[in-house]
Each structure stands twice: as C-alpha cells, then as structure tokens.
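Take a look at these structures.
Note that chain A is present in both complexes that follow, paired respectively with chain B and with chain C.
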Partner chain A sequence: MNRLEITTDGSEAWVRPGDQLTGTATWELEDDVDALEIRLFWYTSGKGSRDVGIVDARRIESVERHGSRAFSFQIPDGPFSFTGKLITLSWAIELVALPSEDSGRLDILVGPQPVEVDLRTTIER
Partner chain B sequence: MTAPASRRAADNPFSAERIDALTLRPRGWTWDGLLARLEELDHRAAVVGPQGSGKTTLLIELERRVALATPRIRIDARDPRPVADAFRRAPPDAVAGRVVLVDGSERLGWFSWWRLRLGWRRAAGLVVTRHAPGRLPTLVEMRTDPALLRELVAELTPGEVDRMGIDLDGLFRRHRGDVRSCLRALYDLYADR
Partner chain C sequence: MSAEAIESPPSAPRGCRSLIGSGIGTLFFGVFLVAGLGFTAMLVREAWYDLETWTWPDASCRIVSSEVVDTGEIEEPYQAVVRFEYLHQGDAFVSDRLRRRPVASSSWAKMVERVERYPVGSETRCRVDPDDPTAAVLERSAPWVLLMLPFPLLFVAVGGIGVYAMFRRDRGGRPRPTPISREARGAKQAVWIPIVLGVVFTLVGGGLFIALGVLPALRLADARGWQATPCTIVSSSVRSHASDDGTTYSIDIMYEYETGGRTWRSNRYDFVGGSSSGYDGKQAVVDRYPAGSTSTCWVDPDDPSQAVLDRDPSVRYLVGLVPLIFLIPGLGVLWMGVRMRRAANAGSGPLGAARAAVRQSAAPPMSTGASTPETDPGAPLDLEPAVGPVGKAAGAGCIAVFWNGMMSVFVWQAVSSWRRGRPDWFLTLFLVPFVLVGLVLIASIFYFLLAAANPRPRLRIMPGSPRLGDRLHVEWSFTGRVARIRRLEIRLIGREEATYRRGTDTVTDREEFARLHVATSELEPEIRTGSRTIDMPVDTMHSFEATSNKIVWTLEVSGDISRWPDVSETFPITVRPATPRGDR
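Here is the complex of A and B:
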C-alpha cells in the first residue's frame, strides 16, 4: 500500500488568508508513478451538489519510490472555511500519485480565527 | 451567540457525497454479470427504472468500469438544443471505439434521439437511462422497495438505524418509492436531531 502524507511546518492546521503555508510531502510507493502532485484546494459537502476548487498545485516529476519534498503555498483571500446546516466548505492539501490518483490529505482551516465560521450560530442583538 | 441547533453539513451521513459513494447495484446482479450482459447486448442497452431508483448511480459506476466509456452526458430537459450540446460533449469523430453513456435519454424526442444514434454510429456502444423500456434493449431494470431503503440507511448510519426511530416504510410510501428523495429527506431529519 502506498503511503502519501502531508505535514505542515509546526503542525499548523489553521492559516489566515494571505499567509504563506509551508510543509512537506512525504511518500513511500509500492510501484513507479508518472508523477506526484501537491494540491491546495477547497471543497464543499452537504445536501446539494458538491463543488471543488483547486487553488494551486506543485508537480513532482521523476519520482523515486521513497522521498519527500518541501512545499509552499500562498493562501488566497477566500473563501473562508465555514459550516452550516446545508453546506460545509473545507480546505485541504493533498498529495496525489498520478495516474492512479492514490492520495493522502491534510485538512486545514482557512479564516481570520482558528475556528471555522459557523452559520448555524445566531447573533443576538 | 446561541449554540447551534443543527449538525454540521460535513457530519451529516446523508450528505450528497456519502449518498453518491453508495455502491448501489441492482439486486441479483454482480458487476461481472452486468458487464457480461452488456457485452451480450453489444454495448447498446438501456438502464430502466423510475425516478430515484439509482439509474444515474449505476451509470456512474459503468463509466468507471467500462474502460472505453466516454464521460457521461446528461440530457437536460431545459436545454433547447440537446443534440448540439450532446455532440459538443461527445463529438461524433471522437467517440469511435468508445461507449457513449447518456443519462436521461427519455427527455429526447424521437427526431433528436435518431440524430444522436446516427451521429454516434461509429461508437463502440451506447448505454442510456430511461424511465420505461424502449429504444434500446433493457440491460437491467432498477426497482426500489422499503427493504432497499433500510439497507442503504443502515449502510450510511451503521448501528443507528433502529435508534433513529424513523418510520422508513412510511417515508418510502410518502416519497412514492423515490429512494434518492427519501435520503434527501433524511438529511433534513438528521440535521435537526
């Protein structure tokens, strides 16, 4: 079984919009692959149809069976991580083996605070 | 601020991605058997069943398992030019040797249907979904019943089906056997628990 892993420097799982997120992709592969790709993306889950946006990606060519690679992504201004009753928007970084699409993923939180924006809470005036 | 009165969408077992991930296949069939039957029919066949019976889910799985399949083409009833749109997504010159998969073919009129069949005549096959038999030999007929709904709910919420205390048979009746619609209703019930 392939091992594909993403870690962030300092094990940070929360980043602010505009931050530079750095980390390391590590892999142990059973078979040769064409390439690896590190992707920064957001995705929705909930009642309706799913949506996904790949914000940035780094391709690694000439891949050895075992290895690691440092990466850095500039976090965009949005969207923020949020949740509600009908939809949750989450961010993640994944390491994908091509063409098999085997992957390892690390969920991160993007927003001004270290908690996702919660649309289920109401503000009392 | 008050505490949330509902569950996070991402934690709802009836979310769209979890429903889509269900390995729904017609009762009494194995995938090998279904693919052999498709080959017998020269890859020209229809998946038949009422709304919400899992036809689209089956077509998605066929797309994955039939190595030469084109991406699915969904016929939209609101599209004023369904033939042009279908040919744009699966150009006749590009489908030679491949199997074209069409979701919602009952929405095509007779003339549109035959234009597509002629346009794709060099394709290796044509598999469509329909609400009723016709136009192509039936590959399989999708049927739903309360037992199927209970099985799917048990798969989505292991160990919780009895604890939920929901009358699934009644839900099935109210949604006239549309299992997808039942699962969407369960999303709302579960969200507010």
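Here is the complex of A and C:
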C-alpha cells in the first residue's frame, strides 16, 4: 500500500493570506510512479456542485520508492476558508502519485483569524 | 501542524444493493450501447448499398426512354424513369434505374430537370452489377446517410463508457478514493458542453432557417422577374400525409404551360413547399384552380422548367421564422460557451486556476462580474446595474417568444382539433397551465416596459472595490420624474449562491448572510440626490466567484411608486479581502 503524507512546519493548521507556507512531502511507494505532485488548492462542498481551484503545484520527477521533499507555497489574498448556509470553502495540500492518483491530503485553514469565517448567522444592521 | 495521510482502504464485501445497482446500471447503459450499435450497423449497411455502385464496372449504354412518372405515392409521387440498353460480356440487357434507389420527388419540375440530362437516343456510360448484370445504374450514389452517423455514435459512446464504468466498479470493489484536486481538471472540460450544445442548436436552427426561411424568400424575390404565362390546370388536389404526429396536408396542383415552342409541366404552387396541418385553407386554394381551368403562372425566362402559380408574399412564408426558436438560443449558448472558454484560457476562476497550476501562478477568484475600477481599486467607481429595465424587458421577451413558440405548435394542434369538429379534450386541458405561463410571460414584458419609464438611479461608491472593514461612501442620484417615488431604500446585501443539478434542471439557491442598511428617505430632495457612509463588516466573506459557487455583494435600490411597477435595481460590487496585518 502506498503511503503519501504532507506535513507543514508550523504547529497550527492556520495560515494567513499572503503568508509563506512551508512543509515536507513524504512517501513510501510499493509501485513505480512516473512523478509526484504537491498541489495547493481550495475546494467547495455543500449544496452547489463542487468547484476546485488549484492555486499552485510542485512536480517531483525521478521518484525513488522512499523519499521526502521540502516545499514552499505563497498563500494568496483569498478566498478565505468559510462555512455558510449553502457553501463551505476549504483549503488543502495534496501529494498525488501519477498516474495512479493515490494521494495524501492535509487540510489547512486560510483566513485572517484562526477560525473559519462563519456565514451561518446573518449580519443585519 | 499534524500530518494526515489518506490511504486506499481495503476492499469491503459488496452489498446486495450495490450488485443490484450495478446490474440496473449495466442494463441501462447496455440498452444505449446495443441501440447505438444496431443503428450504426444499419447506417453502415445503407451507406455500403450506395457505395457498392462505385465498385461496379462501367459499360457503354444508349438511352431508350426518359420520362417522369406519377407513381401515385403520397410523399414523393413523381419519379424519374430512364430506360437504357447496354452490353455486358456479349449479352444485351435493359435497365430503368437512374440510381440504385428510386429517384423521386414531390416536385415535378425537379424530376423533369433530372430526366432531361438523358435525352432519348444519346450514348452515355452506365455501371453494371457484376453479380446481377440485369441491374445497372446511370448514376453512382453518395453515402449521404453517413452524415447521420454521429447520432448513433453518441449512443455508443454513452453506453460504452457507462458499461465500462460499471464493469470497473464491479471488478474493483469499492470505488478508489481519488484526489480532490483532480476535479479541477474535470471542470476544465465542462466549458465544451455549452459550446457543443450551442453549435448543435445553431447548425440545426441555422440550417432549417436557411432552408425554410431564407431560400424561399430569395426565390420569391427572384420570381418578381419571371414572365407571366398562360397555363392550364391538369389536376388539382389536397394531398394528405399521415404520420405518428397526425395528418398534414399539402397543395398539389399540376399545370401545363408553353414556352419556347415546348410544353412544360410543374406542380409548384408557391415557394414554401412541404406539408402542414390545416386542411381548409389548402382546400380553398385548390378550389380556385379546378382541373381544366386556365390561369396565369410565372415562368423563369432563364430556365423554362421552373414555374410557380403564386408568387405573392403570404403568411405561409412566416413558417420560415420558426427555426429562429432554435437558432437564437443556440447562438446565445455558443456565445456564453466561447466566453467561458476565453475566461478559462485567461486564467481567471477555477478553470483557469487549474491551468495556472502548471505555470505555478494563479489569481484568486474574487471578481464576481461586478464593476471594478480599471486601475486603482481605491478610486471612486460609477456602478452599472446588473440588468437594466430594457434588458429585463428584452430578456422577458426572449423567454416569452421561446416558451410561446414551443407551445404554439401544440396549441395549433388543439385548435385544429376544435375546428375539425373533433375536439381533443385531453390535449386542450393539458395545455391550460402551459398557456397560462405563456400569458404571464407576455404580461411580464409589459410590466418591465412600464418599469423602463421609471426614474433611473445612478450610484457611485468610494473606494470602487472596498475591502472588508473599509468605510464605504455611497452617492446616489436619480434621473426622470423623481417626484413619483414615495419612499427610497438602499441596502448592501451579501449573498451565497450555489448552483447544482437536480435531475435534468440546473438550480441556483441563494441565501443572504449580510443585510446592511445604507439609506432610507421619503423626502424628494434627498431621494433625488444624497450620500451615506457605512462601515463594511470585518468578520465575513469577500466576493468570490467559481463555476457553481459564488459570494456576491450588491447594492440594492428600491423605490416605492404608487399604482406603477416599483423601482428595483441591483448594482453588483466587488468586495476585496481585508489586508493581512492591517497594511493597505
């Protein structure tokens, strides 16, 4: 069984917009793969059809069966992680083996505060 | 930060329900596959029937007779029959096949044109079936039937992919978890769906519009230069055409005329052609031209085989506008698809972001199609309404034309049944709610046209693209008869919009998460022009736009007008994220 892991250098799963996110991708593979890809992306869940936006990606060629690679991503200004009555937007980093598409994922929170934006209560004034 | 790994779980025993589901799925897609393959095989066989003549050896032949025969068939009664004799391996044969399939038409003139290519006594080349020398043809056939091949192949593709997916699911146990980021690439392909749909609707609608609308109109214009010629009515009748959708009728008046020292025949009444429902109108035309009577027909001086009895424009030609029901929406969908494609290529939104990942750069999808300052997001910005009153009236008009155009076909059938004295009660009652919807749509056009005469609001904001937490200055002014507005209210609304598929429909749900009061006034000078400053909330969401999910911010202006459609305008704005760490 392939083992694909993402870890980040910080102690929290929260990153501010504009911050630099650094971490390490680690893998133990039973089969040969063509390449590995580390993807920083956001995705929606909830009532609407899923939208996914890959913001940045790093490709690792000539992959050994066991190994690790440090990575660094610049987090954009948005979109923030949020939960509403219809939509939830989450951020994650995935390590994907190609072409088999076995993967490991680490969810992160992107926003100005260490909690996701909550749209479930209507602001009225 | 803690690490997390997602690994392929071990296969679990499959449940009975899953097996039944796979069975039903395989059966469903199997029907598509078998039907598609069957239809494909039929088309290929038909195409080969035409293509086979291209493999036949040719021989010298002599035309014995050449004439148009009335076979009495309902759809295409006039057949071109050309008899010719030929030698094959020393033996003499006679054949009367112009092509392998009978060459027939509802137009006498067309068939005359065909047979005149083969004058009696002339020598030409024919193709002889080597397996049956008694069968020979003068013309080879093109396999036009292959143009229909994409339709069954679509069934084959859907069925084949479906059956393969079921097979993979059965073989692999539980479906293997796939990375979420993979779906960004799937979304990229979705931009082709509106393009393909738009192209299909445009081609079908455009083709029909040219055939039924443009060509008859051009022929009608051309016939203004044709010569008046006395003609004698040979036969005159209304032809009936039975089909699954009911009986349709066509005018069939055969007439003879002389020009250039030769007698010609034609059965063209006007340039509309085809058949349609409605018997009485056609019978009235036929009654005006009884067999044996004389009349005036119009003959093409350049080609005397072409003639027409009635060259005046009539409402019958309006049927040529019906394909616009397909053509206009088709062009609209195509335009939308091309715009989506361009947006994807430009790197905006999640589709572009997927591509941008390769280039390792991407802009966050925060624009919502709202007005934005071209350079400085902090500069003042004059806002544009989402849809103006004229746009609303035009939109309502398009929907009303599309809906009522579709319904008119069925309404006409229902009306015809009443006119024939055999009312179709089921169809009539079934159509009632649909007709009511059509009437409401027509009424909505007038409502929006009345609203177009309302005073028009103008909005200016500063900054043009505010950040969360900014102070937002809103200025408004009205043009037109402002005194009619009794009460003005301006609100800033934040809204989630989620679009999803439900059955065959695409549905968008909306939920407000912010409702901020900007201004209220009942005083005319303040309604006419005014300004307010509000604080944008901090702990909320900025504008965001993806394919199916959006966070939309709008300024909504509503003005209460007595006994008249109210002022109701929406102005989208782009709200940017708060600057991290307070630096602006």
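Note that the second predicted complex is superposed on the first by the 120 of 125 C-alpha atoms of A that agree within 3 Å, B and C clash if a C-alpha of one lies under 4 Å from a C-alpha of the other, contacts with A are read in each partner's own complex, and residues count from 1 in each chain.
Operating definition for what follows: contacts are C-beta pairs under 8 Å (C-beta built on N, C-alpha and C of every residue); 3 or more make two chains touch, one makes a residue touch a chain.
On a predicted model such as this, the values are computed, not experimentally measured, just so you know.
In the three-chain model built by superposing on chain A, chain B clashes with chain C. In the superposition on chain A, A:S11 makes contact with chain C only, not with chain B.
In the superposition on chain A, A:G48 makes contact with both chain B and chain C.
Contacts of A:E94 after superposition: chain C is touched, whereas chain B is not reached. Touching more residues of chain A than its counterpart among chain B and chain C is C. Once the two complexes are overlaid on the shared chain, A:G84 sits against chain B and chain C alike.
Residues 46-50, 84-87, 118, 120-124 of chain A are contacted both by chain B in one complex and by chain C in the other. On the side of chain C, the complex with chain A involves touching residues 1-8, 177-184, 187, 349-350, 353-354, 356-358, 360-366, 494, 496-501, 509-517, 537, 539-542, 544, 546-549, 551, 576-578, 580-581. Residue ranges on chain A touching chain B, taken from their complex, read 45-50, 83-88, 90, 118, 120-124.
Considering their complex, residues 1-10, 12, 14-17, 184, 187-188, 191-192 of chain B touch chain A. Residue ranges on chain A touching chain C, taken from their complex, read 1-13, 16-19, 23, 39, 41, 43-44, 46-58, 76-80, 82, 84-87, 89, 92, 94, 96, 101-108, 112-113, 117-125.
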